Every structure is written in C-alpha cells, then in structure tokens.
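Which chain is which? They are A, B, C, D, E, F, G, H, I and J, in the order written, and residues in each are numbered from 1.
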Amino acid sequence: MNDAKAELGKKILKIKKAKGLKWADIANRIAMSPVWTCALCMGQMSAEPHHAAGIADILELDEEDAATLCEIPYRGAQPMPPTDPLIYRFYELVLVYGTSWKEMIHEEFGDGIMSAIDYDMILERQPDQKGDRVKITMTGKFLSYKRY
Amino acid sequence: MNDAKAELGKKILKIKKAKGLKWADIANRIAMSPVWTCALCMGQMSAEPHHAAGIADILELDEEDAATLCEIPYRGAQPMPPTDPLIYRFYELVLVYGTSWKEMIHEEFGDGIMSAIDYDMILERQPDQKGDRVKITMTGKFLSYKRY
Amino acid sequence: MNDAKAELGKKILKIKKAKGLKWADIANRIAMSPVWTCALCMGQMSAEPHHAAGIADILELDEEDAATLCEIPYRGAQPMPPTDPLIYRFYELVLVYGTSWKEMIHEEFGDGIMSAIDYDMILERQPDQKGDRVKITMTGKFLSYKRY
Amino acid sequence: MNDAKAELGKKILKIKKAKGLKWADIANRIAMSPVWTCALCMGQMSAEPHHAAGIADILELDEEDAATLCEIPYRGAQPMPPTDPLIYRFYELVLVYGTSWKEMIHEEFGDGIMSAIDYDMILERQPDQKGDRVKITMTGKFLSYKRY
Amino acid sequence: MNDAKAELGKKILKIKKAKGLKWADIANRIAMSPVWTCALCMGQMSAEPHHAAGIADILELDEEDAATLCEIPYRGAQPMPPTDPLIYRFYELVLVYGTSWKEMIHEEFGDGIMSAIDYDMILERQPDQKGDRVKITMTGKFLSYKRY
Amino acid sequence: MNDAKAELGKKILKIKKAKGLKWADIANRIAMSPVWTCALCMGQMSAEPHHAAGIADILELDEEDAATLCEIPYRGAQPMPPTDPLIYRFYELVLVYGTSWKEMIHEEFGDGIMSAIDYDMILERQPDQKGDRVKITMTGKFLSYKRY
Amino acid sequence: MNDAKAELGKKILKIKKAKGLKWADIANRIAMSPVWTCALCMGQMSAEPHHAAGIADILELDEEDAATLCEIPYRGAQPMPPTDPLIYRFYELVLVYGTSWKEMIHEEFGDGIMSAIDYDMILERQPDQKGDRVKITMTGKFLSYKRY
Amino acid sequence: MNDAKAELGKKILKIKKAKGLKWADIANRIAMSPVWTCALCMGQMSAEPHHAAGIADILELDEEDAATLCEIPYRGAQPMPPTDPLIYRFYELVLVYGTSWKEMIHEEFGDGIMSAIDYDMILERQPDQKGDRVKITMTGKFLSYKRY
Amino acid sequence: MNDAKAELGKKILKIKKAKGLKWADIANRIAMSPVWTCALCMGQMSAEPHHAAGIADILELDEEDAATLCEIPYRGAQPMPPTDPLIYRFYELVLVYGTSWKEMIHEEFGDGIMSAIDYDMILERQPDQKGDRVKITMTGKFLSYKRY
Amino acid sequence: MNDAKAELGKKILKIKKAKGLKWADIANRIAMSPVWTCALCMGQMSAEPHHAAGIADILELDEEDAATLCEIPYRGAQPMPPTDPLIYRFYELVLVYGTSWKEMIHEEFGDGIMSAIDYDMILERQPDQKGDRVKITMTGKFLSYKRY
C-alpha cells in the first residue's frame, strides 16, 4: 500500500537532483520545515492539500502524485537493524543511551514517554574547527502514563 | 563482563534515590554533563579516575565501585526492539526518520555519517502551554567516507 | 531492574489467593480501576505513594514493597509472539485487525494514532445465553501527527 | 493465495475515496457493522454472497471481485512487530497488558481464553475536552479449557 | 510464574519412574484421560481440586504440590522450532499439511477454525506387521468466524 | 522450484470451485484418501502417473500439469509461526502438547519418534449437540532410535 | 529436563581426560561404536541398562549417573546457527549441498527421506600426503513418503 | 547475482528429465563424481571450461549456459532452518551430533576443523533386507588452528 | 533505492569479464586503490565525478551509469549471517576475535573505536610454500569516546 | 562447557590490570604474538602445555587454570549482531565489503576461500597527524574449492 509513496519518493529524488533543489528550497515553498518536508517526500508523512500543491508546483508533479503526497502512509522505511552505517548510528544511540533517556526523562517528568507523534526536529550544520558537526534538535510532547 | 557495571548501576539508582539526588547534582560534582554522567552510571561509559573519585565521593561508593566506573564497558543495554514504550519511541524514530536523516545529512555534508562516538547530547524540559516537551539536542562530528 | 517488581508480582498473587481477594477488592481499597490495579501489581505500572500505601495495607506488604510499587518499570512482560494461548489471541487480533484499525481511525480522525499511554481499559463479563463473553472497553486519546 | 484479496483491498480504497464513501456507508448498505465491513474489504474476512453483492453494488465492483470477497482468506496482514506506529500501539498493549488480561480473565472465568473468532468489535469517537478519544469495545466468547 | 509447575513436572517424572507408574495409572486414579493427565503433570493444564487430590494421593505429593496442579499455567513448553526430533515431527506436519487442513476444514465447515481449547486427544499404539504405529485421535470444536 | 506446483495449486482451487467438486470427489476418482489428495493438489506431495492422470481427467488439466503433479516438491508451505488462525491452532498444539507427546510416546514405545513420512491422516466432521467437531485421526510408524 | 544429562556430560569429559581414555576405549567396553557412545555421553542418546552399567564401570560413575545415561533426552545440543567453527562447517554443508542431496536421493530412491533416527555413523582418520582427512561414513534408512 | 545459475539449474533439471539422464551419466561424460556434478548443476559449484563444455554437450546447452556453469556462485541454496523434510534431517544431524563431532575430531586430530572446502562426498544406495539405506561418505581435510 | 547501483554492479562484472580487465586495471585508470574501486563498482561506495568519468571511459559505460556511480548508496550488500562460505569466514572472525579486538584496542588507545568510515584496506597475495595466503591490511582512524 | 574458559578470562583481566601487564608482556613471556595470546586468554584459543605454563607463571595462575587454557573451546564469544560499537564496526565491514572481498579474492585466486583457521593477525598503532590509526594485518591461507 506504500508502493505509490515509495515510488514517488524515488521520482522526487531524481527531479530534485535534476533541478538542483535542496530540501530547504522545497520546504520554503510550502513554509514548512526541511526535515518534515523531506520525511513527507520520502513517504513517511501525509501532506495537507496545500502542501501537496506547493510541492507539486515546485517539482512539476502531476495531480496523482499530489494526491499520493496526501495519503497517510504505512510508516517504517527501514530494515531493522539498519544495514546502512549512517542510519545504524542512530540505532546504536538507542542501544547505548536507551536507559539514560529513560532515567533522565522519568526524573524530570515522572512516569510517561516523549511522544514520537507530537514531535518535531531540526537538522543543522554546526561549524567546528575540529570538523563540522551534525546538530539535531528534537522536541516531543511529554505524555504522562494515565493512572485510572 | 558488564555484570559489575550493571550491578553498580542498580546500586547507584538506590543510593541516588535515598539521598534525594538528581543526575544534575552528580554531574555538577564532577563538572560534566548530566546525560553523560547518567550514561556512565548506567554502565554505558567509562570514567577517568577523577570523575570516578567525584562520583564515589558524592554517592559514598567504595574504591572497587570507583574502579568499576573507570572500566570500559561492553556497550548495549537494550533488548532490541525495545519492549519499554519510552525507549521504543526512539527506535520508532529510526524507523520513520531513518531515510530522512540519510538524505538530509548527505545533502549537507556529502557521503559520510554522523559519529555516535564523538557525540554529545543535552536533555531538557521545554515549557509549553499545551503540555511541556522533552527537548533533546545532539551533535555528532561528521565523518567523511574515505575514498582511497 | 524489573526484578524487584516481578518478584513482588508473584508475592502479591500468592497473598491475594491466600486472602481470597479479587482485583476489584484491591482496586476499591485505593479507589482505582481493577485493570490498572492489576497491571500495577503485575509490575507494569507505577503507583503514587497513597496507592502503594493502600495496597500495602490490604495485602500486608512491607515498606520496601510499597516503594517497589512506586517505581517506574521497564515495561514489557511478554515473550513475543506470546506462547500462552490467552495472550496470543490478542496478538492475533493485531495480525487480523491491524489494517482495519488503521483505516478506520484515519478515516475518523485523520493522520495520527490512538495513544497507549493516555489510555484506559475496562474488563467485564457480558452474560450471554450462548456462553458469557469477555467484554473489553478501551479508550486512548487520539494524537495527531504533527506537521511542522 | 491472498493476492486477489489484497489487490481488491487496494482497489476498494481507491473507489471508496473517489466516491467519498465512509466505511459506515458501505456497512449500512449491507446492514453489517463498519469494523467487520472494513476488515472484509481489507481482505481479512469472508463475505456471504448477499454481503458481497451489496458491496459490489455500492462500489461498482464486478462479479469476480464479489466472488473474491466471498473467499476465505489466509489471514494475517501485518509484518510483526508492526512498523507502523498506529498499529504498533496495539502490539504494545499486548506487551504491557498481556499478563493483566490473563490474571483478570482467569479470575472471573477460570481457565480458558477469550475467543478471537467468535468476536466482535466497535470503534467510536469519544468526545473529550482534553482531546477526543478513540473508543474500542470488543467482546469475545469465553471458551473454557476442556478437561477430559 | 510457571517455575513451580515446571519444577513439579520434573518431580512427578521422578516419582512416577520410581513407583513404576504409567500415565494411564495416574489418569485412572482420577477418572480422566491419560493425555490430559500427562499434560497436567507437565505443567500445561490446570486441575480441579479433586483431580489434584487424586494425583497427590497416588504420587504422594504434598499440599503445596496439589495447589500447584490447580494453578492456571502460562502455557507453551517448547522452544520453537523444536530441537527435539520427536516434537519436531509434529511441527513438520504443520509445515507440510497446514494448507491442506485449511482447505479441507473450510470445505466442510465454512469459515472458522478448529478449537485448540475445546479440544481433546487420544494417543494409542496401533499394532502393525510392518512396525507398530502411533495413533493420535483429536477432536476440536469447530468455531465459526463471527460476521457482525 | 516449487513455483510450478504452487501455481498449479491455485489453478486447481479455481477449477474445483467452478466445477463444484469436493476433495472427496477428486480423491474417489483416483481411489486415494481426501487428505492426501488435497495435500498433493496443494503442492506438498508427489503423485504416481496414474494418480496424476486421474486428477488431470476429472479437473481437465493438461499434460504439463499432470507432470507437475508427479514432481517431488520442496515441501513446507507455511510461514512460521503461521499467521492464519486456523493453521496457528495446530502450531499451538505443538507448543502446549509437545512435551506430553514426548513423554507418552516414550513411555509406550521407548526411545524413538512417530514418523511424519510413513504417515497418514483422516479428517472428519464429528456431529455434536454442543457444536460439531473437527476430528483428525493420524497414524505414523514408530521408528526406534538406532543404537549402534 | 536435560540438565542432568548435560551435567553428566561435563563430568564424563573430565573423568575421561583424567583417566586418559579415548571414546573408542569406552565404546569397546560396551561393544558399541565410538560415535554412538560419544553421543550418548554428550547427552544426545539413551542407553540400555547394560550399556550404562559398562560405562559406569569404566568411568567409575555412580548409580544415579548410570540411570541418567538411560534417560531419553530432549535432543538438540547446538545453538543454531552454530557459533563454533568446527560445528559450523557441517551446517555449511547443509547450506551448500542441501539441494544436491535432495536431487540425488530422489533420483535413486524416489520420494522420501534418509532417516536421521534409523541412522549410524563412523568417524575415521584417512591418512593423506597432503594432510590427513576426516572421513565420515553415514547410513540412514530410506523412508518412502506414504501415499494413502 | 546467483540468478543466472539458479535459472540454469531449473533448466538443467527439465532437460535431464526429458532426456532420461541420471547424474551419473552427466558426471561420467566429464569424468567427475556425480555429487559434485549435481552440486555444480544446482548452482553451488564452479566448473572449469572443459567440464562446462562436456555438460553443455550432453545437455545441449548454449555457450552462455556453459559460461554460467564456470561462474563462481554466491553459495547457500537453503532457507534455514530447512522447511523440506529431506534436507531438514541433515540439519537435525547437526543439532544432535554437533558436539560429538567436535569431541571426536578434537580427540583424534587436536584443535582444528574438518574443511568444507577441501571436501568430497559420495552418495550410494546400500542394499539392506530391512529396507535399503542411503550411504554418504565424506572426507574433508583436517585443518589445524594456527598458533602464532 | 540501491537497485540502480546493484544493477550497475552486475553490468560492470560482465563488461569487466568480457574485456578481460582486473580491478587493478580499473583502479589504475582513476589512480585509486583496487579495493575501493571494487567496492564502488559493487555499489557500496560513491564516486566523485572524475572517478566516475574514468570508470565510464574504461568500461564504456553511458552517462547515466556514471551518474549512478556518484550516488551515495544505502549500504549493506550482505544477507546476515552470510550464506556464502568466503564471506562467512570474515563473519566468523568477528565471532572469534571480537573480544580480542576490543581488549587490545582499548589497551593501546583507551575507550573508543576503530572507524569503519575513515578506513582503508589493501588485499594482496602473499606467496607461501605451504600454499599462498590472502593478506589483508586495514587501517581505521581511532575515535575516542567523547566525555562531555 | 566454555564456562571455565570464560571465568578464567575475567580472572586474567583482573590480574593483568592489577599487575600492570600488557598483552605484549604476556605474549613475550611465551614467545607468541599478542593477538593470539589475547584470544587465548579470552577463551577463544587452546594453548599447548608450555604456553599455558608460561602464562600461569607470569599471571600466577594455578594448575587448574593452566589446564583450562589448554582446553579446546566452543568458540564464538559474541552476541550477533554485536551490540558493542567497537565490535560492531567489524561486523559492518562484512556488510559493506563482503562482496568486494569475494570478487577480489576470486579474481586473484580462483574459486575458494581465505581460511579463518590457518590464519594470523597483527594489531598495531599507526601514527598519523590527523589522528592515530588502528592497523590490522591479517593473512589466511587460500583454500581452493575441491573439484572431484
């Protein structure tokens, strides 16, 4: 059922390259953030019609593609554990820091979780003399475990 | 081989609770960040002797415990996929955002990865009227894939 | 780290049987629902101190046990797939109805999920001439996928 | 062997969207419940001929499609563990509440299980000031383990 | 939680051997079938008090053991796939005959399943000149998939 | 390599339905049992030429199909664990009764196994006032573990 | 349930080493083959009483150990895939030669299998100028798939 | 990358059947053993050009097929654990005899392994009054673990 | 997404064979090392345009192929555990030597890892009277675990 | 069966640390290489008596420990995939470079493998201005696939 969104993702990557666009260019066109726009184009998010229209406009997609952008995906684009080293490093962070996240979030907020749904993320380059760094800032709403 | 570090982790959680300390208190004592200090106590990092001494001091640990803090762990504290919902949400982020991280980091930096070794992280509460948020800021050095 | 909560769970099952108590009796003592109270005793939830005190009182637990009830668990008590037939049937519902839940919830609410954190459940006997039925009523807050 | 039913499921989703129908509309046409009707269309149930005829009528399906609706499926539409967050939350409920279901059902009914075959389910929106909730009500016949 | 039942199973095997009893002897004592009695002693079934009393009597078990026999088990005593050749052959039957069972039961009964709960089984020796055969006769109630 | 046999299985199911035949009708035509005939058609057994000829005759298959029936399959038609509830119940029987089969067969026959190769099976409807039952009778030759 | 046989295996390995015995010495004592005797001592076979008596005699085992040798094991001593290189090479043979065994045995014998129960094996050193070779000769009874 | 060799394997099986050839016939043509020849045709070995020419000649293959026979395969033709009973029995031998092979080979040769590369095998029918047997004779060079 | 790179890999292998080229020939053409060049052609590395141009020139690839060589791959070309014996031996080295690498690298460098990104490798034939050897020399930058 | 070797490994790590020894010191004492000596102490190799005696001498081990060093291990000290980042990087090399190793070794040597048994390895620090590097040099005997 995700096939259409996966196919569209490949098509977008080609067009984006051919046009020399960056995710920020596409995101600016619809006044959204680059990470979310990228995730949408990679088939992991669903657009509202005006987002889809804006993306279709800048990438010269047809109507069916725009409709595909609006579809809600069956999410999960990764083989797990990830075989790609870039993606694996994030998996490794879960292995290494999972218990620390748990202890620190519970200490600060009590019993509950950080939402991965009411969630946003920024990805930036942080210049550094010893070598530039990837900087990721994420926020997720804290949700308390209901006691009932 | 991690057994000593895992045992020590449980012991530290008890002492920390009994003394009413926070990770920030322990971290301040050794002038390190709370996340790293927590990961160290959870058995996922290795301390230098002066860190271990500081932690032993504030938590009233004995010398053997201090030595255990300095040991380099066999890392990886998680069953995978994580069964705990708080930790699972981070695993889910890899499932959903893995390809976006890949596309965006390559666009900005070229072929390579974000290091999970030359890496740091801050975890904060971000007040929000609709419900406070967990804010995580991470930076990792970008490493270029060597062409040789 | 869950060992204490798991041990306590077994102890509670024995005391409960010896005293001839039902989950509803224990739940009434602390004015909470039977399902949540059972999940708490099985080591999957964390109590507030007054809940723990009430349960300790009715079950004659000591202070350490009461403290254990207040601890936040590393959740996930099941081998997966479940080997026990009663529990497996719920796993089977996910296999069979997973896509239907997805289509129906998205139709009604749009893109997002039913929370398993801000969540409650009632379990009842529903008399039926052809054989009584187990009736489970669950509600979970709908969370919209954030577009940002 | 499920291929025909899976293909039909995708076709129905497209027609349903194009016609602006809801699951309730389709269900009403055949005087069945929306959840069962949705599960049927998603390829997880088998229809009687008059159900198939009604659905074919409202969705303008051909005879072969109607026959496909009547076929008994090889059930199980999910990768497990589910990669989609909406479906995963139900899997998580099994992880967290599995032992509680077991203890509570045995307490009330004795040794046996809740049937996932003689089973029905309702899915509703429950308005709530803090955010509407998904409400699911399920009943399954209790089956006693035979002692022989 | 099954530990007590597993331990008891080993104890019963020893006593049974020492006393030179057969499963049929134990089963006759409580007027039940040998298969069910064996499954009960292996920790996979729950006894009613009078069954437990009879078994405790013939095997000279104490009261705690009798109570353990009455407990409802977390079922599932096998590693899967089974490593033991005798048990593996049954697993192989599922691999080879699974689709035939499905086609034949649906042809005869329509959409539904053979219950593994309202289920009984007999195991016998069938003399045969070319080598005696194991004969297993099982019946399970047919349960129709509910259409609702 | 099983592709031809799997394809033929689907084709036979369609023809059988179109002709209104039952497995017993096809089996009678070749004077074999319905279970074996069904397993053959589902691609899990190999026919002798006269069986294949008989089946080709009643189902109007061509010569290539008849040859395909005679081919020896790479057996194993199931995903494991089975996702389909009907087939899963048999898998569950292995989980629950595996150790009982082992203890009872060894008690009666000594060290060895029940053959799944020199094996036969009958599947019948057993009328029952509380609901008809599926009755399966299987016999397998007992094979002694060789001591050498 | 295999614990006793596994423990005994370790004990035998120690005694065998201390006494400077070879498997052939132990096997000769009971007039059986070295491979079977070794498999028996490693907990994978069951002895008849006179075998057990002979082994107990040569190894100075007590009566309980002799009884343990007679017990029928839950077979399967390997983690799979094997982590040990010596054992892995046999697993690799299945990977590489599995289809050839299938084609050649069916060509010669028709549809059926080589029994792993009515089975024997000899392990020898085969002198060779380029380096001595391990020679394994195995025979297993051919079992025809029953057509019924 | 093995696709060409796998396709060729299927083609060879058809031609071999149509021509009424046996593996021994094909092997004789190139003066090699039947097992190796079969493994080559099944895509698990690589031929030298004169072997390929001989096989192409007897089976009337074209030049591209001959070239395919010479290609070095990505080996491993089995799903593991094997679902086919004939192949599974060899897997079972690893489960049951793995530790015996290890103990016996180390006793005779010291620390090292039996090579699965410098390896050969013969498969024969061994007549037997109680039923003919499959006889497999394999030799593999013993390789000492290097101490350095 | 790797499909294009995988397809190109197969195409290159054919052309390379037809032209009688070696990896060293291709590598010399672009003044890079043979291992990296081979990994690039196998779809596991990304080229800079001048590398791609050089390879396209020597192999007579078209512009689209050259562009494909420049694309950053989703890495990971292996089924794991590897089924091919040549590749498996490297996996086995991780099984056997993993802990030794860990102890020795930490002893020499402290807490950190050897980079698999800032990494290079040479593969050579090392003549040896007892049989030539494969010699692999790899260097990876040591990365210290950051303490922060 | 590896328990004794694993226990001894932990003991040696403690003694080595207390005595301030390096692997090279221990290796020099027995005139062997540091990598092999480390692998031996980590329980993955077997010593000859004079190696064991030398190590026992420098580490003040008792006779039983020396005997344990001489035992042939059940090899494989790693969970797979490795959870520890240092060890995982080597696993990643197999994922990324597996096919390149295969193509390059076959090009140079023909069909066969690099032995992981007749194998040696050196681990060194390679000074580098941009950060020192870990240098690993390994050689393994090439073994030709036997054609027979």
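Everything below uses one rule, namely that a residue touches a chain if its C-beta (ideal position, glycine included) is under 8 Å from a C-beta of that chain, and two chains touch if they have at least 3 such contacts.
Here is each chain with its UniProt name: A, B, C, D, E, F, G, H, I, J = Cyanate hydratase.
Because the structure is predicted, anything quoted here is derived from the model rather than measured.
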item	value
Shortest contact path, chain C (Cyanate hydratase) to chain J (Cyanate hydratase), counted in steps	2
Greatest separation from chain J (Cyanate hydratase) - chain, by CA centre	D
Chain centre separation (chain B (Cyanate hydratase), chain F (Cyanate hydratase); CA means) in Å	55
Centroid distance [mean C-alpha coordinates] between chain I (Cyanate hydratase) and chain A (Cyanate hydratase), Å	30
Chain D (Cyanate hydratase)-chain F (Cyanate hydratase) separation of Cα centroids, rounded to whole Å	30
Multi-partner residues of chain F (Cyanate hydratase) (each touching 2 or more other chains)	13, 74-76, 78, 80-85, 92, 95-96, 102, 106, 112-113, 115-117, 119, 143
Pairwise chain contacts, counting only pairs that touch as defined	A-B, A-C, A-D, A-I, A-J, B-C, B-D, B-I, B-J, C-D, C-E, C-F, D-E, D-F, E-F, E-G, E-H, F-G, F-H, G-H, G-I, G-J, H-I, H-J, I-J
Sites on chain D (Cyanate hydratase) touched by chain C (Cyanate hydratase) in the complex	9, 13, 22-23, 34-35, 38-39, 42, 44, 75-78, 80-82, 84-87, 89-109, 112-116, 119, 121, 123, 125-126, 128, 130-143
Interfacial residue positions of chain E (Cyanate hydratase) with respect to chain C (Cyanate hydratase) in the complex	1, 73-76, 78, 80, 116-117
Residue ranges of chain B (Cyanate hydratase) in contact with chain D (Cyanate hydratase) within the complex	81, 83, 85, 88, 92, 95-96
Touching residues (chain side chain E (Cyanate hydratase), partner chain D (Cyanate hydratase)) in the complex	32-33, 36, 45-48, 51, 72, 74, 102, 106, 110-113, 115, 117-120, 143-148
Complex contact set, residues of chain H (Cyanate hydratase) against chain F (Cyanate hydratase)	10, 13, 82-85
